[in-house]
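One structure follows; several queries about it will come next.
We call the chains A, B, C, D and E, going by the order they appear; numbering starts again at 1 in every chain.
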């Protein structure tokens, strides 16, 4: 069978590991969307860390006299119904939003990946059982699950994170299972098996690293979904506890002022869009960069 | 084919049992006593106890579950502990509106998503591709409830060029009275789906366009138009259809926010209200029905796979 | 439907005259927050359901706007001794289903609400009733187990609404076949009220039509449709676009928007309810009255009313709203005074403050209140954690006494001090029945018990005044305000009223031009 | 030689490049050959030597990143590279047809075999659906598929690899093309099936008087099916000759190397003599002769200057300094002498 | 030469279940390998040839217990591998190694060459930790790679070089038997020759035994001592190399040999073109599995399974499974062959 030969790259004096990541990095850099998304994400992260140092208000300081004011020089994004500075709250809420996105994906990802890999690697009855359970989770209306969790554990950011995390388990499990099935069939897995490697070694050293790219891509995209879901939960009154400046909650607080003070709804709304957008764009770019088929 | 369908239907049984156990245990884990909620803030303990007795809530949980499931197997999903109406009736009067909403939203999503995705794929890396994808990403990133609120604000407070309060009229049942009522909720719900489908179509088309058989078609002298719309699209539809199925499912379960904002009396709101009121039978009923529909939609998806690509062996 | 169209035509004709005269007919549309849970007046205990019930059912007596008991289905009544009451019924009344209203009907209703099999959530209203006897067709006798002064007030409550005995019998029949109590009644409710049930699509809308055979002057509009619109912004949109005639409730911060619009105004009506911040008086540090008093002084009620309720509502000094029977207008006012509060805390040994939590359910105003409280208590170094819970969980956990501070409200549909205080402060009512502060004061218990049994209104007022003084002293709660009902009313209609317990009075509503 | 014979297709100095992230890849860099009427030209060479890209360049079916930079593809004197896209479409599948290596992936999984064959007929012969289907059945009979009536209604996955390849052939032959390009048509197939297919192509060629371009890396196949052979190395033609002389008297050191590396089942060999080293990196082609780094005869001249493709009096072509006047190595060197004899 | 048995396969069967029906029951089996027996002696190279799907790889995998065999015994140095627990088997894996066809898929793209080789030693603990690096470099040299390439990633190597990495990995644990599953099929001829020569050198140097799986008869003739021909899960012929190539006995072997094009334009050769395709191993033909394509097939072939044995006219050690070997050989039986000569 004829095989397209990948030519040996004979570049000298370069660390191969660095070289490997350099290739990905290079492709990633070529992808304009990924660059824009990455810069935005970086911007958000940096702002969420150092931003609070530069705001001149306390995010929770009530100032009834100045409530519901439109944007002005003192209050760039105006004030809310307690006279709190929306700009300050947005900045302080940024880390929360990123937190929710990040940790819920970590929870969903770790559990989902674990079950997906086990399912795909061992197959058989175990696979059937795990996948049926995932079907149950998938068929179970997510918002109800979240509602139940938040009701059991109480409304807080942590619980929203748990809820959204559980939401995303089936997605990870399915993707990882699929990739595991492909990787498991590859000959190098048989080769290490023939060397006497244990299942644990095969899974952790050989399968996981090779199913990483779909996981990473899924994770970035899921962060976006998580942020949206969390804000939806806040909208239903199940989000972070007040007066936490979580954006979904801010948005929900502002809705009865929509006519009077649209900025209360527009500002957090647009911020959510921007963050979600950034992760989506980046995730997309990453997918293209990691997928050799998408190479121009 | 029939054999396949029967098998798939049988396979859903364990899933549904799992779902019912899950919802049953969740509902019982949640703090909040239905008797107390029915009795209200100031009812005496005696009243609460009487209600609890009447609802059979004093039985051990597993007894409650088995009596529930044995009734359910006989087609009796019980009755609402709040209104006393049969769960089936409650669901029946709401399900169609939700299904319709999901259906129209899916149609919108597919229609816009496919067109955008194909254009984007065919002209990939051109300006139109990039702008379509940017718009799609925006659609995807917009919280649906936010979009709903903004739409309502526009239409209600009125921009002069769109003075159509009819858009906002709440419907007594279904969409009977005025088709325009359907527009805003469907836009609200369908936008995200359209974006997802557009992106899926694009990547699927790009993948297919690189396949050997597309080259074969060109080598036969087939026109470019035919290559795209005949040879590529039919193959590219397969992953898109999966997404369509999942989206439909998500629309069904996830319409709560849209239903709340547009005062649509659908399954989502029924479920949420029932959870808040600890109306166990209703919650169990709605979750089961939504799960059944979800499973059913996936079955349809699998059948359409088969119709699109005879290769897929249903067994 | 058709009536809508008729109304429009009528509007057109009236345009020329421009006069504001009452005009019969038309379909009145109300956007309401949520749906009734049951049409069985014994079957639920929420305001939304009551609002529907009030239009279909009538009670033996009713309260007028001055909080005085008036005749309704009972023409007159007398108390033969402390525990026996005799009611003479009107004889020209029939139920919507054609049944005659008589003493049997009254008995059937009052027996049913007390039937443990029915397990009515409104049982507490008639818990003290020992028996209901038919004296003759037009006379009914009610005997209570102990002297119970507010019986008439309780009878005026929606829970005392009269349903057709035929439907009651049918409902019992249904229960035999495994139906839930009230299921049959909800399908075909029949009362004596000025509106008749027409149709109900649960979760979506409920329609009532005018009762042409009403024993008194009938209602003015042809029909009333209650539509469920959970999202406030959407209700306002409906009102402003003229699609709905009444929107209830309007959020405090939307009042301005509605009043500024050309086609609607907000109807404000003082209520008989109270909002409060309670303490778990069994739990440290709130078992120390000084701490409670200190916090009462730290909280700035005015700021809460201004900040959360846009200045709408009356500051509360006690649990009873002005106008309620037993209201004490001389009760001392707790002033907002940070310095004094700090002193008290110092005396109590909490000079450096403490950590605690405040619970609320996911109601926007209560959450906002919690935030303001949190801010205010910071002044005394009290670190408050706001816990938001979903209502069901909130009720269960607060009834179990797991809380520190909590925000709740209490409405008073009977307009009597007993309803307004017994459940909240009597030590027998701890937990679910209402005393979530777990307040216990033997003196107060005694006064409340006496208040119930005392027949003489003068003496009762005296007893309740004392209770209110105790409450200020003991501070089991910080009473924040008596809210006002905010209802959006379209300029197309007139004659709308709402009573102090939040029940719409739709009899005189009519369309105008 | 055979230059006298009429050439249906004449490829002159074809150069095709890909423009990738890493720069230009000259996949085809100076390819010339001609295909006489009714004869078979074989193109051999290792993987990546540019065989497929050459054929796709002729058909103008290069992927988006590829471009023909230079050269002419003369079909009966007409340069195909100058045709409008529309005219080119009329050529494809009609005058020049192509069969690809992977029969499974080269057929559209979503359409029946009949639909796919008919499509060609409907485009070029303007047949209606029914006629086209009828003709499709005939074509399937022609390529030796049993019960063609049923087969036309089946989908590619329902056929075995060999049958799929027959369908591809039927599709290619539908409009009686003058030239058939077969790009490794049997590589994915088993030997016994390969034998069937090769026999079939040969058979049809004779019956329809087609010219065939046969691309393969299997020298055995070349020996059995081709009249002329073009040997490619790293994007260039290094040797072109009739098949007998190529095997008997190979001239290019690479051709010799290939033959020596080949294990044979029909004779016993002591030892294989491999070519040293690897095919050069597409991005870092040697400056001189591209084979020089692996060539046992290479001199400084070879390493610094690229030899031209020269045509000898017989019409055979060779790209090697040894046959030029400038050769600075051993003047007595005899390349084909290095070839192991059959008796090993 | 007294030959020492290294591997003895007896009655090996490998059936793969086909799931289907309600609730995914097993409805049928792919009889990938159906009762085969053979022996490999130390230091020799035995090849298995046959068309795609005839069960060559499955045999190799079953020997290594990469798939648990359905039935049969695989004795390695007289120890029945099938009877070992998974843990014990892992120790034995040191002696049995495999090299795969696809040089791209058979090494983990995320490990450097050194990591790949070290891991093998680590798993078997065959080389002390401090000596591993040294051994890696040694191995690289053995397979003709350079030391400086030790820390490179697979994508930086060409196909032939990767195959060398695969060989080095197999060698790293000092195996006795190496199964080469199409180990050179994916390589270009010029590279293939390099690798084949390497394999031969290593065999001499370390007294390795090869089970060489291939469909390329040229390669097989070049490298093997003995050859096994398989058809649809069964062995149809076993013989030493010369005997097989010079006097093939089974009609299938004959057809196979004749179907291969010879790189010599002057060699005019008649091909036996078999009709039809290889039947499905799910429902293999009854009797002799080759009868559906065999030009000599008789009634008997459809009913009786022929035994693999040495017929009268055959050399010692040459076995074939056909009812009519002798009749065909003597020309008594007429084939309805389609014989054909190209061009």
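Things worth noting here:
Methods note: a contact is a pair of C-beta atoms (placed from the backbone, for glycine too) under 8 Å apart; a residue touches a chain by one contact, two chains touch by 3 or more.
All values reported here derive from a predicted model rather than from experimental measurement.
Identification of common neighbours of chain A and chain D yields B, E.
Between chain D and chain E, the least number of touching-chain steps is 1.
Among the remaining chains, C is positioned farthest from chain D, on the basis of C-alpha centroids. Separation between the centroids of chain A and chain B, computed from CA atoms only, is 22 Å. Annotation: 38 Å between the Cα-based centres of chain B and chain C.
Spacing of chain C relative to chain E, judged by their CA centroids, is 87 angstrom. Chain E has its Cα centroid 53 Å from the Cα centroid of chain B.
Chain B has residues 30-32, 149, 153, 157, 210, 260 in contact with two or more other chains.
Among the residues of chain C, those touching two or more other chains are numbered 231, 233, 236, 390, 392-393.
In chain D, the residues touching two or more other chains are 47, 217, 278-279. Considering their complex, residues 231-233, 236, 251, 253-254, 256-257, 303, 306-307, 362, 364, 367-368, 370-372, 374-375, 385-390, 392-393 of chain C touch chain A. Across the complex, chain B is touched by residues 33, 132-133, 135-136, 138-145, 147-148, 151-152, 224, 228, 231-232, 235-236, 248, 251, 255, 258-259, 262, 265, 269, 272-274, 276-277, 280-281, 284, 293-294, 296 of chain A.
Across the complex, chain E meets chain D through its residues 51-52, 158-161, 188-194, 196-197, 215-223, 242, 245, 255-267, 271, 273-274, 277-278, 340, 342-343.
Residues of chain D that touch chain B in their complex: 59, 61, 63, 89-94, 97-98, 100, 102, 105-111, 119-120, 123-124, 155-158, 168, 171.
Chain B makes touch with chain D in their complex at residues 210-213, 215-223, 231, 234-235, 308-311.
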